[in-house]
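Below: one structure, written as structure tokens.
A, B, C and D are the chain letters, set down in written order, and residue numbers restart from 1 in every chain.
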Amino acid sequence: MCRWLAYSGSPVLLEDLLYKPENSLVVQSRHSRLGAETINGDGFGVGWYGALEEPGIYHSTEPAWNDRNLREISAHSAAGRVFAHIRASTGTDVQQANCHPFRHGRWLWMHNGSIAEFRAVKRDLMLAVAPALYPEIEGSTDSEVFFFLALTFGLEDDPPGAVARAVGLIEETGRRHGVEHPIQMTVATTDGATTWAFRYSSVGESRSLFHSTDISTLRHQYPDNPVLHGLSDDARLVVSEPLGDLRGAWREVPESTCLVVRGGREELREFAPTPALG
Amino acid sequence: MCRWLAYSGSPVLLEDLLYKPENSLVVQSRHSRLGAETINGDGFGVGWYGALEEPGIYHSTEPAWNDRNLREISAHSAAGRVFAHIRASTGTDVQQANCHPFRHGRWLWMHNGSIAEFRAVKRDLMLAVAPALYPEIEGSTDSEVFFFLALTFGLEDDPPGAVARAVGLIEETGRRHGVEHPIQMTVATTDGATTWAFRYSSVGESRSLFHSTDISTLRHQYPDNPVLHGLSDDARLVVSEPLGDLRGAWREVPESTCLVVRGGREELREFAPTPALG
Amino acid sequence: MCRWLAYSGSPVLLEDLLYKPENSLVVQSRHSRLGAETINGDGFGVGWYGALEEPGIYHSTEPAWNDRNLREISAHSAAGRVFAHIRASTGTDVQQANCHPFRHGRWLWMHNGSIAEFRAVKRDLMLAVAPALYPEIEGSTDSEVFFFLALTFGLEDDPPGAVARAVGLIEETGRRHGVEHPIQMTVATTDGATTWAFRYSSVGESRSLFHSTDISTLRHQYPDNPVLHGLSDDARLVVSEPLGDLRGAWREVPESTCLVVRGGREELREFAPTPALG
Amino acid sequence: MCRWLAYSGSPVLLEDLLYKPENSLVVQSRHSRLGAETINGDGFGVGWYGALEEPGIYHSTEPAWNDRNLREISAHSAAGRVFAHIRASTGTDVQQANCHPFRHGRWLWMHNGSIAEFRAVKRDLMLAVAPALYPEIEGSTDSEVFFFLALTFGLEDDPPGAVARAVGLIEETGRRHGVEHPIQMTVATTDGATTWAFRYSSVGESRSLFHSTDISTLRHQYPDNPVLHGLSDDARLVVSEPLGDLRGAWREVPESTCLVVRGGREELREFAPTPALG
């Protein structure tokens, strides 16, 4: 399994997101509190939006805690939209092409969880990917195939609808292969302006997911916290687990939910898979 | 493109194959004489047969000339059957899963050349791989798909026949996509007892391929050459390019040929693709 | 800190030492039971004696649990004397030159622990290394400098005496720099025939160290244990922590002790630093 | 040997320096025209000045032509002062700590060339490094020791004087060890505002070094060249070899010269070693 964060708001140095929080993603890479695994040392990745429409990506196979380049880049790069992910492989290779976030044009995608019995269902799922998108798949993970299924089903036009159909297909395919609980997921995806995050699992006990609360309210509660004063009012984080213990700062996303973050507004919608072969 | 060697005979230290010859594979990794590229620095691999039926594999993404572990292992490991390969990527990632030789059970496979317009034809070729074999594909190269097509067509029972059908399918698929010359190849494969090597290309101008000549004759010609005295009479090398300048030591394998090496005997057979959809 | 094992006895496959035990070194790399750190993911190394007098070395910067080459080599290489080490860096870089075991001629050396305030004392310690040995130092760790101090003080002639003098120098140097407890160590060194292991720390609370007990006795106690029947009577392991829970199989090495293993005999001697500037 | 470039001027994307020129540094990593080696595949590094006083550094052991992260970072990071270096090792390890540019506070340093017989003279040179600076040396190269000698001799106050004394010491030390031509060098160093570049060798036949000429003049000569119009008038490049074939764009730095670039002005001064033990 894995851990991730999605940030949007005023530009911040990457190190303020990745290193400085008490329970930062780099800390979690060695000692995750809520993860299925305590160690997430099988590579990591960062995606950030700069001057170009297409985001930049940094993928590394080293454990995040050892990567000196990540520390350097983080100290010198600021961005107003950042996806970051630390990986605990569920069996596929530790290689850059398997690091999240995955990218397609200006879209990013990252996933914590897995498609059950992936080896058994992979061929069927790959066949369902649009032939025009197929050659773009570079790695060997379930998460990347999931992304390309969502793209196939229209992620760029209707993200919640496309993810619902991709999950529907994954569940149908898994069940056809005798898998009881085909998918476990928290997912984040963005076009650089809006973030969509999903919490869902076939078994109904999904990995944890949280979003930060209103910054201006927090600022009133904690007038002495310097981090909160550096952020714009519309700054928001969506995370696998809280980055610290500030009371009132984090709200859990319920089971079977799609969270939409646009500027400083969050919207929670019920999420359910759509039968793919309807 | 790439460079490779296939050795069979009395057990030799890997370093005698990889480092000591004047134009060794490690030398070729920096300065190939006959390759399409002079540099083959995009990873390498070695497969060797030891006590087990299944061969061992060492895959590295470093340039061969820099790999200290390869030097150590080569100085301490002897084997009577060795495949070694240095890679010059034709576009796919430099990662361990893309290093040759590829393995399936006790079979090894390595390839110099490429499937033209691989991104365009990959999906069709992957579909032709037997579903039971499909999940074993770990990397993203044309060479590995080619191997699994050959396995699909019966490599383990009839290597020349299976390779002929795989090449037939690749050519038909390529031409259906408008590719004039779909394949360029020298290939070696072995079950640990016999080596089959193929030289073929759709355009009829294939990458170079050589095999060593009878050791006992050479030994008479060069009574002072210590290397020749350390090898058994049945020792044979098949290589992308000669490992040195010893006159009479190397014989070029003709175009459109399958070379079979079993013990000290070589057999040359004409090779032509078999229509796959016959 | 780190974890290590030193094996001597009848030739065994490396995988029988590194992977198969219940609490194997590869298991410990993720979840050490007794280590100062639970994770030892900052590289590892294996040294083994084969046909040559000089041992082979395999050093990797990947976490041991992810290294596919280690798995392959371990399944195909047997040796009668093996040193293996997993590293948890105390600050110096994760790079091959910092992986243990270190080698000088036919000698190997590995270390769990640290020289306190190493940055402050490094220059003085490096100055004490014999000028003829100085150029051989390749990495930046305290452990390698410690090895070269021991070599300077005659490791090849009198290992316990040389280590005692090296520790004496390290303690004097540290104290001159105001360090209260200059060294923490378990160390193993071998010339390929005898293994010397040391447990010592300036503070008197040293890292754990164990050795295996007589195999033939164990075999009587556990007549059904297949591992025990594959080993020669003189097989011995010295380890940072037991590789399993077999009662009676492990004996703790006391504080301030030098353990000498030669064939099937162990000898315990008191160990104390020798004043270097006596 | 190696290749490098030093840029100062209006902020440019790193990719405009590293990838886009016809004979860019990434092109040179495979096929250097003027280098002692045609391949510079033993790692590379980039240093750039951003919002902080201290520059950022990206060091990689991969060949530059294969590094996907470098491509990403280069497409998304702009800087007004950039040092970049591709390495061809003269014997020391390929590891991040051996990649240039080296950093000390806000200073960067990179070197093409070598200290002859470095293993023989290393200890003496290390002893000459100021004890307070000694612990900062992280790698094993001659180039880093050279940097710390220059720092010891006052690089931060008088760069040409400090380099002259460091070279003097290196020559004296080498000659004491019987080395005829102790140093071969082009060096660049900067504090983030001024660049000093040196061309010198004991033998009097130094590696090539060039600087770009006045941009506004070039712009008049080539009114249609888009690159020239994107740069400020004070933009300057100092390089191991020209990045392209534009006539009049490059001027060779003479033997035994120190080039000082500050804003849009270049100054050439004679350079000669200062006896260190005067």
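Brief remarks follow.
The rule we apply is simple: a residue touches a chain if its C-beta (ideal position, glycine included) is under 8 Å from a C-beta of that chain, and two chains touch if they have at least 3 such contacts.
Molecules present, by chain and UniProt name: A, B, C, D = Class II glutamine amidotransferase.
Every value quoted in this text rests on a predicted model; they were computed, and no experiment measured them.
The chains that touch chain B as well as chain C are A, D. Annotation: A-B is the more contact-rich of the chain pairs A-B and B-D, by number of C-beta pairs in contact. For this pair, chain B with chain D, the centres built from the Cα atoms lie 41 Å apart. Looking at chain C, residues 68, 96 sit in touch with two or more other chains. With chains as nodes and touching pairs as edges, the resulting graph is complete, every pair of chains being joined. Contacts from chain A toward chain B in the complex involve residues 93, 95-97, 119-120, 122-123, 126-127, 131, 134-135, 138-140.
Chain contact summary for the complex, chain B toward chain C: residues 48, 50-52, 56-60, 68-69, 72-73, 75-78, 96. Looking at the complex, you find that chain A touches chain C at residues 30, 39, 41-42, 61-63, 66, 89, 93-94.
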